[in-house]
Amino acid sequence: RDQIQIAGSSTVLPYATIVAEAFGENFDFPTPVVEGGGSGAGRKKLCEGVGENTIDIANSSSRIKQSDIDLCASNGVNEIMEVRIGYDGIVFASDLNGAEFAFTPADWYNALAAKVVKDGVLVDNTNKTWADVNGDLPAQDILAFIPGTKHGTREVFDVKVLEAGCEATGAAEAMKAAGDEKAEGCLALRTDGVSVDIDGDYTETLARIDANKNAIGVFGLSFYQNNTDKLRVATMDGIVPSTETIASGDYPVSRPLFFYVKKAHLGVIPGLQEYIDFFVSDDMAGPDGPLAAYGLVSDPELAKTQEMVASGTPMAPLN
Amino acid sequence: MSIGLLLAIILGLAAVGYVIGIRRAKDRAGGDTRRLHSLAGYHGQSVLLFTAVPALLVVGAWLLLQPVVIEARVSGMIAESDVPQGSSLDLVMSDVRRVADGLNAIAANEQLTEDEIAAMGADLGGLRSRLGNAGVALASDVQPSVFEASRTYRQMNNTGLTALSISAILVALAGLVFSASRIQAEFRARNVSESFVKLLFIGSSFVAVLTTFGIIASLVVESVHFFQLYPIKDFLFSLTWNPQFRGGSDLGIWPLLWGTLYVSFVALLFAVPVGLLSAIYLSEYASKRVRSVVKPAIEILAGIPTIVYGLFALITVGPFLRDYFAQPLGLGTSSSSVLTAGLVMGIMLIPFVSSLSDDIINAVPQAMRDGSFGLGATHSETVRQVILPAALPGIVGAILLAASRAIGETMIVVMGAGAAAKLSLNPLEAMTTITVKIVSQLTGDTEFASPETLVAFALGMMLFIFTLGLNVIALYVVRKYREQYE
Amino acid sequence: MNDMRLTERAVDATDVKISARKVQVYYGDNHAIKDVDVDIPDRMVTAFIGPSGCGKSTFLRSLNRMNDTIPICRVEGKITLDGEDIYDRRVDPVQLRAKVGMVFQKPNPFPKSIYDNVAYGPRIHGLTRNKAELDEVVEQSLRRAALWNEVKDRLHAPGTGLSGGQQQRLCIARAVATSPEVLLMDEPCSALDPIATAQVEELIDELRANFSVVIVTHSMQQAARVSQKTAFFHLGNLVEYGETGQIFTKPQDPRTESYISGRIG
Amino acid sequence: MNDMRLTERAVDATDVKISARKVQVYYGDNHAIKDVDVDIPDRMVTAFIGPSGCGKSTFLRSLNRMNDTIPICRVEGKITLDGEDIYDRRVDPVQLRAKVGMVFQKPNPFPKSIYDNVAYGPRIHGLTRNKAELDEVVEQSLRRAALWNEVKDRLHAPGTGLSGGQQQRLCIARAVATSPEVLLMDEPCSALDPIATAQVEELIDELRANFSVVIVTHSMQQAARVSQKTAFFHLGNLVEYGETGQIFTKPQDPRTESYISGRIG
Amino acid sequence: MTDAVAHPTPHSGSLLRQDERTRRRNNAERRFRLYGQVAIGIAIMALVILLTSVLGNGLSAFRQTFISMPVTLDAAVLDKKGNRDPADLKKVTTIGYSKLLVNSLTQVIEEEGIVVEGLASSDIKDMISDEAAAQVRDRVLGNPDLIGQTVDLKVLANGRIDGYLKGRVSMESAERDSNVSVNQLRLTESLVERGIIGKSFNWGFLTAADASELRPEAAGLGVAILGSAYMMIVVLVLSLPIGVAASIYLEEFAPKNRWTDLIEVNISNLAAVPSIVFGILGLAIFINFAGLPQSAPIVGGLVLTLMTLPTIIITTRAAIKAVPPSIRDAALGIGASKMQTVFHHVLPLAMPGILTGAIIGLAQALGETAPLLLIGMVAFVRDFPAAPPEGLFDPAAALPVQVYNWTQRADPAFVERASGAIIVLLVFLLVMNTAAILLRRRFERRW
């Protein structure tokens, strides 16, 4: 096998292809083969063992899990390098010709959660329009296209929006009081069709918004940036999502993106070291590089990552 | 000698054997082929088979075994110290193979002798760039032991190939001589070659069985794994499907199974009548010209990628049904629904029903139609009461095929019916199917070893068992109604 | 052909059921029936005889438009049933065939049970009001076709599992069950033993009381036994047509004579 | 059955080609052939007669194992050809059928050209060395089946486009073309006119010089004309078997007598 | 006659006048015919709708916007040492070439005297596709003599410019779009007027490899077409013979017993196995067990073979079953062996059904993505696989994979390309099936 093989998250996929393409163009090595298939599957493949038949790099939109590390270890994949390439912003957007929205996590919680606090008690959610949720919002029927539970984005949405909203509205308190120790009810969504899980991609969400003009969808920042002529983005806590606001941490809903390198393949698979060096170089992952142009929020600590990659430091155990 | 050349030689020998077989058979018959038990062609065929098949088997077996043997020998040559930290012998071996390939390429390009190749070991640093120029990229400099191993690997491979070539050709020749010498006028060459072909047939039908075993084997391990993490009781009896990232998911199969059945049912409800009526019209009423255009046209429907159907469902059919049916009837406001997915999937399935049924209907002998017309039946009565019953087994086959396709379809359901697992009777509500969830759980971002991902295997397994049951029932039903003409 | 003779006969025949004038049938380029004029009387049995391949079946099939089902077949000329042109555009072949039933040369039972085979016609034509009546019709028809005794215990076994002769009788029963006005029978006894043949001939005789029957047969004896009129075909031509007795005793055409006496084939 | 008589005959027959002992044939539960013992002599014509549905075709088909193709059909007992058990496991039914050819009751031409229909057997058995020889065989066979004159101009037209009688003769030609040692003919003349029948009977007579022929027929006259031996079947039993002359003049069994004289069916 | 007396015949009356019952039956007949026509109408209408939407979206992918201009391949930039050493030449990356192109275009704009207010030099850079630099670089590395010359080049324009020419991007949308500016569009207009920017047939769409999200204009189907062709070769070579052979065995030779029932049920059941499960199987058997490479057409072909087998077997069996037994009897009766009967008579008569199975099976195999998902073929592959047989083991994409990938991409320019890919796929399918369709028409007959 001559070419590098990469698999994993479909969120990281576009960035990886951009780098792979440039890499193939400017180096003597063949262009790496980059697969999607999901973070979980990518990490599973990475951990299948050491050898030509296994992939070299797994892209991941979330941090590797202990179970993956255990699987790796049991298959002889002992050293993995964790490379954080930047951040992915998650934005809320609606049809361009629709109303403007300025959300807070609490609005989302009150709109989508199965149980909300009304006058201090937990009741079933009966809000019909956004105006019911928050008087400042337009009186438009609630209809939200959120990522299905297979998506890593959903986890971010759950944590950074729903749970935050749950806390903010006091629902978490109420649940704990009612005996739900970990406030797991925060993540229970209405099942009456106002919140629609999307198992497909952002393109599907976009198409659905096209078909349902009054809906709000959840997108990645880069996707939104490519479709600004169709979508109107909503603010969160008053902040407009952009690479800058996310990099600075002002915009709350974002997550880091990673790739994991099988260290055993370094020095064996031609071009692997060069590829990862190239990926994290300023030319690529820097704030002015093509990745940022495409919508990756550049990692402020990129220099550290570059150093780590150059020295081949494997990742420390998860804490 | 390259494998391609070797195969060509073997096939060439087989062709020669074919000719020899025919010649010899004719000779043996004293020029009067009528004295042969079997046609001369069968004699040729039997020689051909005896020449080619054993030799090909030898090649196949050899090619499977040679790498194992050689690598076992060569890997012994690599110094422990040359295996980098954290790497494995396996990876170093891949380096060995790559270097050996490169050496071959260089040797071929520059007409090097063995000694000159051995001499290259002196300049291992330069070797890397030379190899690079020969199109073999290496990640690092070649270690001495790796170089030696590569040379040995290369030599052994070359020797192995030579040995293989010689033995395969010998086997082929032996087969040729043996089978040619057996040729007698009375030799039952036809029986021999037919038994052989029959063996091939049996082998082919085993492919299907092996596939099933393969599927079960590849599903069962992870399914067991899943049931260790998630109680089988909940999986089989829980009525909710609600996977979560952080565990505590409800993974009951019922909403998915229900969705699968419902969507497939709607799809068949659409596809079977439309397909069957099209088939009847094409084979019984349409002119030859119309038929020869329309039939392939309808078959295009089977070739349109399902994603196109998915988008069609999502953008056109879904909103249409919502605006003109669901909302006016107060049956919901969802643009994705069972009905949407079912209808669109039904379109895709039309050719499965129509094309095959059409062929089968066409195969019903004309005498059946004549018999019915002669009694004063109208064409439609003839079709309904004589032709369809006669064609029933084939039609059921077609419908089963369509049903199978419906159960296995993903994209249309994702876009048409949505991803919400629900137990509802309302066809205008969003639902989802087992297949969709298999795909989405398997390709999701959840960690692999979690029940949320592993459930895909269990779902696959359950679906397999479920459809097996349906098929057994179908088999008995068809058996019962099968009608044989003539 | 001899038009004069035909007109003569048309006068003395009581009632003409089917009349054919200048009928031509082509299979592609093959001119299978040439210029045939014939009047088939009502309430009589007409026999078509002639060497194999002379066009008997072809002509028979053109009498109830069964030729329509052969794409390459073309019929010209005029055939009338009760004075109405059966090739008229307004004529519904279905109705025609209900009136003019047919038993084919090769037995072609449906892949259904024996009962369903016979009940098929009555069912589609709505001849019976209920199951009991239908049972009755089926039994009657099978009895008349001399098959009842052999199949009465296996009415629900498939019709295709019968012996050759049994299938032939099944097809006769099937045709009789619809009570057509004209029954065209293409060699109905070819696979039957003498006794069964006699029974079928009896049936034909019985049918003659009300209907018109046309049978194709290779057995001169049979033609002589059952028919009142006989037509002799040769190479697509109707060579001679007349009273059966006369044809067999005083044939006018030398070809007829040599056929009857067994000299041309 | 009357074993004694059988042994007698076996002695006086010149050469036994096929011999059947205690043959039983079942279609599912239907016992179609009961305990039949028969010796079919070489170079002679044997006729099977009997009422329709009595098992003639069934028995005939069991002589070259054509019954193997009917899934529900089961054959018991022993049938030997030239002393070799044809139901032996080692016997190749293909070879058997090449030796024991068959003409079926319903003509079943291949949906191929007339030429290919006839040439099929010689081709698969390698009976000819070249095209010219094959043409020769095809012509000969068609001539012998009395079909040549009718089809010589359309040898490449489909065999299924022939008339009923022509198809029947085509099937005879097809069977003859492979020159089998035994030819089983199931009502070979049922759709033929007297002249064609005579020609086929001539063919049968000619075949007798070298081969053994078994024919099923409903025509007593035909049986009397062409056969040397006659077997009378009734309800699955072989009632009587003997010299044709004797059977027709001095039947020993009352059932035979009444069948011949036209009293039982 | 007694019967007729009991049931007066209902067919009396004129032939020219239909009696009540006949009229009813004929109405039923007409209705039945109408149902057939309606059914076909529905099928054809669906086809037409789908095809128009695909064609409407996708045809534009076959034309692409190019910028034609003279480019000075400045030796000072491309070969600083001036010795034409390939190793040194390679050190100049695409970024260097990109600058060259921008300079050339700027020069052209100046020469033409086009003035667009507020136009930044980065705007000019963004009008040229990133791919252009790579193409020029490849060309120069392949022919170092070009250095120092001024050559007329036709380079790809950026996707948004292409979109403007195709009506996907407008001045209004550009205002909201961070990837394109109104100034660029104005400039484009001027350049189009002068014939410097224009559309022409997009060979690259058929021959080039896939490109990343930043260069929709450069994305092509070359690798995918090759990959699909390789896979289809494998499928055709394996599934048709194996499927037909298995069907013949099951229909004609196998004893009818429990065991063959089991195989039969088993095959129909395989047809119902979701295609992704075949991917799981392929991953487990061909890649993990047999050690075949990831992303390789051979594995894809094998998986698709297993997936199409049931379809072919089921259709073939149905077709074989429909051949009347009398034909078999006829052949067996003159001493043909079972095998000869099958090959000479049964198969030709069953051929239409078999070919239908092949047509449908291959259509399914050609359009299937899900099983490829797990064996690494749903991937970004830039390098062309070698010629077969070695090429069967090289990574490759496939047409449905390309469609699937492109429909997921963010840049709207990929929408047209995905539809274009579908058109190519359908053409591929038609070409592949023509032989089968023609053959089938020849074999169709009634008997």
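Letters A, B, C, D and E mark the chains in the order given here, with residues in each chain numbered from 1 onward.
Here, contacts are C-beta pairs under 8 Å (C-beta built on N, C-alpha and C of every residue); 3 or more make two chains touch, one makes a residue touch a chain.
As the structure is a computational prediction, the values presented were derived from the model and not from experiment.
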item: Chains contacting each of chain B and chain D, listed by label; value: C, E
item: Per-chain CA centroid nearest to the all-protein CA mean; value: B
item: Distance from the mean Cα position of chain E to that of chain D, given in whole angstrom; value: 59
item: Averaged-CA centre spacing for the pair chain C and chain A, given as whole angstrom; value: 83
item: Separation of mean Cα positions, chain E and chain A [Å, integer]; value: 31
item: CA centroid of chain B to CA centroid of chain E, Å; value: 18
item: Contacts with 2+ other chains: residues of chain C; value: 94-96, 98-99, 106, 124-125, 180
item: Shared-contact residues (touching 2 or more other chains) in chain E; value: 11, 25-26, 29, 325-326, 337-338, 349, 373-374, 407, 447
item: Chain B residues counted as touching two or more neighbouring chains; value: 190-191, 311, 365-366, 376, 378, 381, 442-443, 484-486
item: Chain pairs in mutual contact under the definition given at the outset; value: A-B, A-E, B-C, B-D, B-E, C-D, C-E, D-E
item: Chain A-touching residues of chain E, taken from the complex the two chains share; value: 90, 93-95, 130, 134, 137, 169, 172-174, 176-179, 211-215, 287-288, 291, 293-295, 373-374, 376, 378-383, 395, 405, 407-412
item: Of all residues in chain E, those that touch chain C in their complex; value: 1-4, 7, 9-12, 14-16, 18-19, 21-22, 25-26, 29
item: Of all residues in chain C, those that touch chain B in their complex; value: 64, 66, 69, 93-99, 101-104, 106, 108-112, 120-121, 124-125, 158, 160, 171, 174-175, 178, 180
item: List of chain D residues in touch with chain C within their complex; value: 27, 49-53, 57-58, 105-107, 146, 150, 154, 161-166, 168-169, 186-187, 190-199, 218, 220, 259, 262-265
item: Chain E-touching residues of chain B, taken from the complex the two chains share; value: 4, 190-191, 194, 197-198, 200-205, 207-209, 211-212, 214-215, 217-219, 273-278, 280-282, 285-286, 292, 294, 296-309, 311-312, 316, 347, 350-352, 354-356, 358-360, 362-366, 376, 378-381, 383-384, 391, 393-394, 397-398, 400-401, 403-405, 407-411, 434-435, 438-439, 442-443, 457, 460, 463-464, 467-468, 470-472, 474-475, 484-486
